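First subunit A sits with subunit B, and in the next complex the same chain sits with subunit C.
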Partner chain A sequence: MDAATYVGTQRRKFLSRERVVKWAPLLVLIVLVLLFPLFEWLEDARAGDDHVYLLDSRFFSIRNAARIFISAAPALMVAIGVTFIIIMGSIDLSMEGTVSVCAVVFAFAFIAWGGTLLSWAWLALPVAVLVGAFMGFVNGLVHIKLKIPSFMASLAMGFVGTGLALLLTGGDRIRVEDPIFRSLLTERWFNFPVMCYVAFVFLLIAWFIQSRTTLGRNFYAVGGGEELAHASGLNVERVRLMGFTLAGAFFAVGALLAVGRIGIAETATGNNFMFVSITAVVVGGTALWGGIGGVWNTLVGVLIVNVINNGMVVIGLPGWVQDGTLGLLVIAAVVLSTDRKSVSFVK
Partner chain B sequence: MNLTRLKPYLPWITLVTLTLLVGIANPAFFNPVGLMGLVADIVPLFIMALGMTFAIYIGGIDLSMQQMANLVTVVATVYLAQFGIAVAFICIITGFLFGAISGFVTTRLYVPSFVSTLAVGFVALSGAKYLSGERALSMDATLRNESFGWMFTTVAGIPSELIIAGVLLFIAWFLQTRTTFGRALKAVGSGELAAVASGLNVDKIKILAFAISGTFAAIAGLMFSVKLSGGDANLANGFLLLAIVAVLVGGTPLTGGVGGVINTVIGTLIVVVIRSAMIYLEVDATQQQMVFGVVLIAAIALTIDRSKLRGIVK
Partner chain C sequence: MSFIKKFIDQEKVNRRDLLLASAYGMGGVAAAGLLGPGMARAAIADPTVAWSYRNRTNPYWNEIVSGGEAFVESLGKSKEFLTHLINEGSSEKSLADVKALLSKTNGDLALAIDTNDAPNARPVVEACAEAGAYVSTLWNKTDDLHPWDFGDNYVSHMTWSDEGPAEQTARILLEAMGGKGGVVHLGGIASNNPAIERLNGLKNALVDYPDVELLDAQPADWDTQKANQVMSSFLTRYGDEITGVHCANDTIAYGVLEALRAEGIEGMPIVSYDGNPQAVELVAAGEILATVFTNPHWGGGITASLAYHAATGAFKPSEEPPEHREFYGPTIFITPEDAAEFKANYIENVPTYDWTDFWGPSNGQIQYG
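Let's look at the complex of A and B:
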């Protein structure tokens, strides 16, 4: 073997498929964060204005970072929920319905029990999470007991959820105006609103579940090879059911943050969560086939999606570009994370 | 007679039972004029469901149909003035191309169809928002009547819309049962690996199936746009659930391979009957989505072929 080919094989090993797939999302995020200020710089340079790259950027500023984190926080919760499901190799498309129902139930309970966090109305928070967990549980039951593929079971349950939310509200919007609850958005610590820290705490909880509990390890076992997991004595059905329940609970947390952000609970609260969260999970590097990825990947994915959405607005691209970009992004992400040698055919 | 033997007839039995139940509760339901109007109203949904049948028949799904129809309503409205009736061809080609892209992404890039069609749907939504400028557009009434006025006439007492639906149904039925392509579709739906092993170009067949599904979505969108005399990036929202329900209730299982377009006719009729029953029972419009969601779960559970899932349901 001569020196040139030796270096060649070494480099190929250094840039092995696994390593590229593992670090690509973070790389993409960094490139995006540096790219949008570049556009701003180009624009100002063309106009002949003074503009120091990054320093004078409207995008690359604490204020804008807070804006990105605020819009990312509810989506992160929902995306974390679905991460567990995707790690198992299933999928959950019910989030729009679940988020709407949880938001509406929370708002009704909160107002009925006093309308301020200082009264018994704080109970509405755990109640909403329980409702979310219950909906996830039903979702899981439909998927497992009726043996319906999860994407279809959860899609149908999502429709039921949206219908239920519409039934509860009758199409009305419910305002949640308690200043203490709204301090999720209004109260800022170190420039970032409280909801960002709340989201971070739940991210840590999710990370703990994923890496330090039997349940978390079992998600990977089921996703890595269900037959093997079953053969080694794992109660796969139970793990799946727990996964869907857990996901429902996280959807509910997302719903609470979404209500905290805009102060309104309605049927439309859940809109767009499905596509954004699925995009975020796969763009973050969690493979649709299961067994790979985790909540940190999801954090990177959610940030990528929100940086793109925010950056496009900052550099003045029209709104319609976003949907198409996300669509292409999700295809690209799935293509990159798929090892073609191991997949025989897809439906 | 056990349930397996009964299964192919279940959609028929459901339809007849439901019709009788609704008819007994409300004899006015059988009024032929009202009935015809009820059926004519559902034609765009039926066309969409016809397209969906092809995607589900091969074991996939097309979640982009709603967005595709949205895009086409906008395309039709924007280009009507320029092209007149030829706008129909533009719409159909748009649908065919987007569907083919979904198929390409699914087969050649190994992206599961529910993700690929969802993503392509968002690309279509992007196009619809761009073309419409995110506003609701309306068609010029005279131009519309010149080009598409014939859609609202009746031939021998039958609304033209129903005739269009009948023609499209015939085409779909012919494709499915009387051509080699149709046999290939069945082969792919029944067992993809076996189809590959017997030398079929499965990728091509699947791409075509998604393209057909896109085409039908486009035709549905065009009819919708003409009916409502306008276009909007959200106009056809709410049709996806009903289209899936119509296909599955008709007896084409999610696993593909059996059923087909005739089943979809029955499925669509069942949807019509359930809908009119809900109107008669004064079930609020807001609750209908819930009802159809539950109907969908029941239909999938009853029709799905679990032997094909090889013990693992993901």
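Let's look at the complex of A and C:
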């Protein structure tokens, strides 16, 4: 190898696939955050108003950051749950049903046991998480024991969940009006509502599970090569079952934050979470075939999706452009994170 | 070889029987054809009663179907007597389910249906008329499809025009804003007819209030959480310029209220639509200025009742005037002054309706623009 070729390889190494894939989502997020104020600047410049880029931006402000974080918090919890599953190379589509059931069970229990966090009603919080974990556990059992692909098993369980939530509520909406519970939204520390901090704490817990526990490492082992993991003596079925249970628990936390945000629990509480969470995980750079990515990717992905949703309205673009843009981003993200040379066929 | 001969003889007889049976069958079909659709029977003693709709998750459809259940209970039957055909937003499934039920009941069917989209109404109505069943439609049908073109079998069609009522609530809103400032509109699914009509209502009212600017109108898909996010984005874009909010329905208004609450904004004038119980309470508390009640409970019950009573021969649809075949449903305005009274009359006790008073609360014949 002569010197010139060597330097060439080195340079290529600096912008290697791995590095691009690792940092591209964050880059996209930063570009978006700088792009929307640019549109605002253009709009004001055209109208002849004074506008210092970023400083006078309505989008690039603490108040708007708080708004984006509020809308991102419940979706982040759900997306973290599904991240674990996707790292394993499976998929969980039961989130809409699970979120609805957890929200409704929480609301019923909360009201029945006193209706304020200062009474025994606080027990409704852990109960909702347990219900979520249980639903995830059943989901995992169906997937493993009946040997149904996770895609189908979880989708079906999601429908079961939506049906169950409907059965429980009879189509009604339940209002949770306890001011202490609602302080998740109304109480602000350093400009951000409490729910943002709660979501951050659970993000740290998820990060801990992912990086500091055997279970977390096992998720990567299963996703990176299930046969190999199995041959090395890993009980793959058990890891999967625990993964789905854990995901269910995180869906439940998402449900609690969603109820905290609008003060209503209903069958429709789970609506849209499937699209937002899967999009966020994929856009964040977690590969759909497993083994790559993690909860920080998911944080970036959720923020990208919510920044787009918020920014599009802020710069005054119609709704269908938002959906279209998100769709294109998903394709771009998959293209980026897929080493297509190594994939011989796609099904 | 006698068994072969026997076999051939047997087959001959079988074949002759088959031919005879076929000829007889064809004759039967031809005879039925002579009588034409709908002439097969004048009345059905005990028709199956069915409601075909999207699903029960949506509070609006839940109310519709509870009306249908109340109607079958008024016949002295249990709730379970009502057959539910759930289309989950698919016109194909809607039509397939109706056809399946028609063959199962042999046409002894009184069907109330929202066909999911307008073009699907024709095949549904034609299938029912052909089988001699009786059908009443709600919301969706094309303008060229009329009950009177199908004799008695297409009993009635009911819909609502939301433009007028939405304009009236918009006027209440614009007055409350003092006739100046900026208003935002959060709409339903952009392609839905009611969503379009309700935005048009606002635009019509705005003509008389030149000092009010329509800052923005975005779809919130009838969804509380989506509305919550859209409203907070509006607050970023327009901030204090927003002095009033026009919501396409109540579920959107809940999301808007929470977005305002998160920012500590109080006393923002808001109007909505649908008159859900929770919204009525918010109107009574003064948090929403006005909403419009379309009485889906009555609509669901009366649509089933019309089909049922036409099927049993209690009345003959073809003898009724056009305004009894195609009509608008009721609209009731709810403002803080009458919210308490409305709550007592409609929510705390669901009124027991006279399900044979078919057209009492209705709102005149459908006009085509």
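Everything below uses one rule, namely that the second predicted complex is superposed on the first by the 337 of 347 C-alpha atoms of A that agree within 3 Å, B and C clash if a C-alpha of one lies under 4 Å from a C-alpha of the other, contacts with A are read in each partner's own complex, and residues count from 1 in each chain.
Just so it is clear, contacts are C-beta pairs under 8 Å (C-beta built on N, C-alpha and C of every residue); 3 or more make two chains touch, one makes a residue touch a chain.
Since we're looking at a predicted model, the values are computed, not measured.
In the superposition on chain A, A:268 contacts subunit C only, with no contact to subunit B. Counting the residues of subunit A touched by each of subunit B and subunit C gives the higher count for B. When both complexes are overlaid on chain A, the residue A:320 reaches subunit B and subunit C alike. Of the two partner chains, subunit C is the only one touched by A:58; subunit B is not.
In the superposition on chain A, A:239 makes contact with neither subunit B nor subunit C.
In the superposition on chain A, A:162 makes contact with both subunit B and subunit C. Using the contact criterion defined above for the overlaid structures, shared-chain residue A:170 touches subunit B and also reaches subunit C. After overlaying the two complexes on the shared chain, residue contacts for A:70 are found with subunit C alone; subunit B is out of touch.
With the contact threshold set out at the top, residues 162, 166, 170-171, 318-320 of subunit A are in contact with subunit B in one structure and with subunit C in the other. Residue ranges of subunit B in contact with subunit A, taken from their complex: 59-61, 105-107, 109-116, 118-123, 125-127, 129-130, 134, 192-193, 196, 202, 241, 244, 254, 284, 286-294, 296-297, 300-301, 304, 306, 309, 311-314. Across the complex, subunit B is touched by residues 89-91, 93, 142-144, 146-153, 155-160, 162-164, 166-167, 170-171, 226-227, 275, 278, 282, 288, 290, 318-328, 330-331, 334-335, 338, 340, 343-347 of subunit A. Interface of subunit C with subunit A (complex): residues 56-59, 62, 190, 216, 218-219, 223-226, 228-230, 232-237, 239, 251, 254-255, 258, 261-264, 278. Per the touch definition, subunit A reaches subunit C in the complex via residues 58-59, 61, 63-64, 67, 70-71, 162, 166, 170-173, 175, 185-186, 193, 258, 261-264, 266-269, 271-272, 306, 309-310, 312-316, 318-320.
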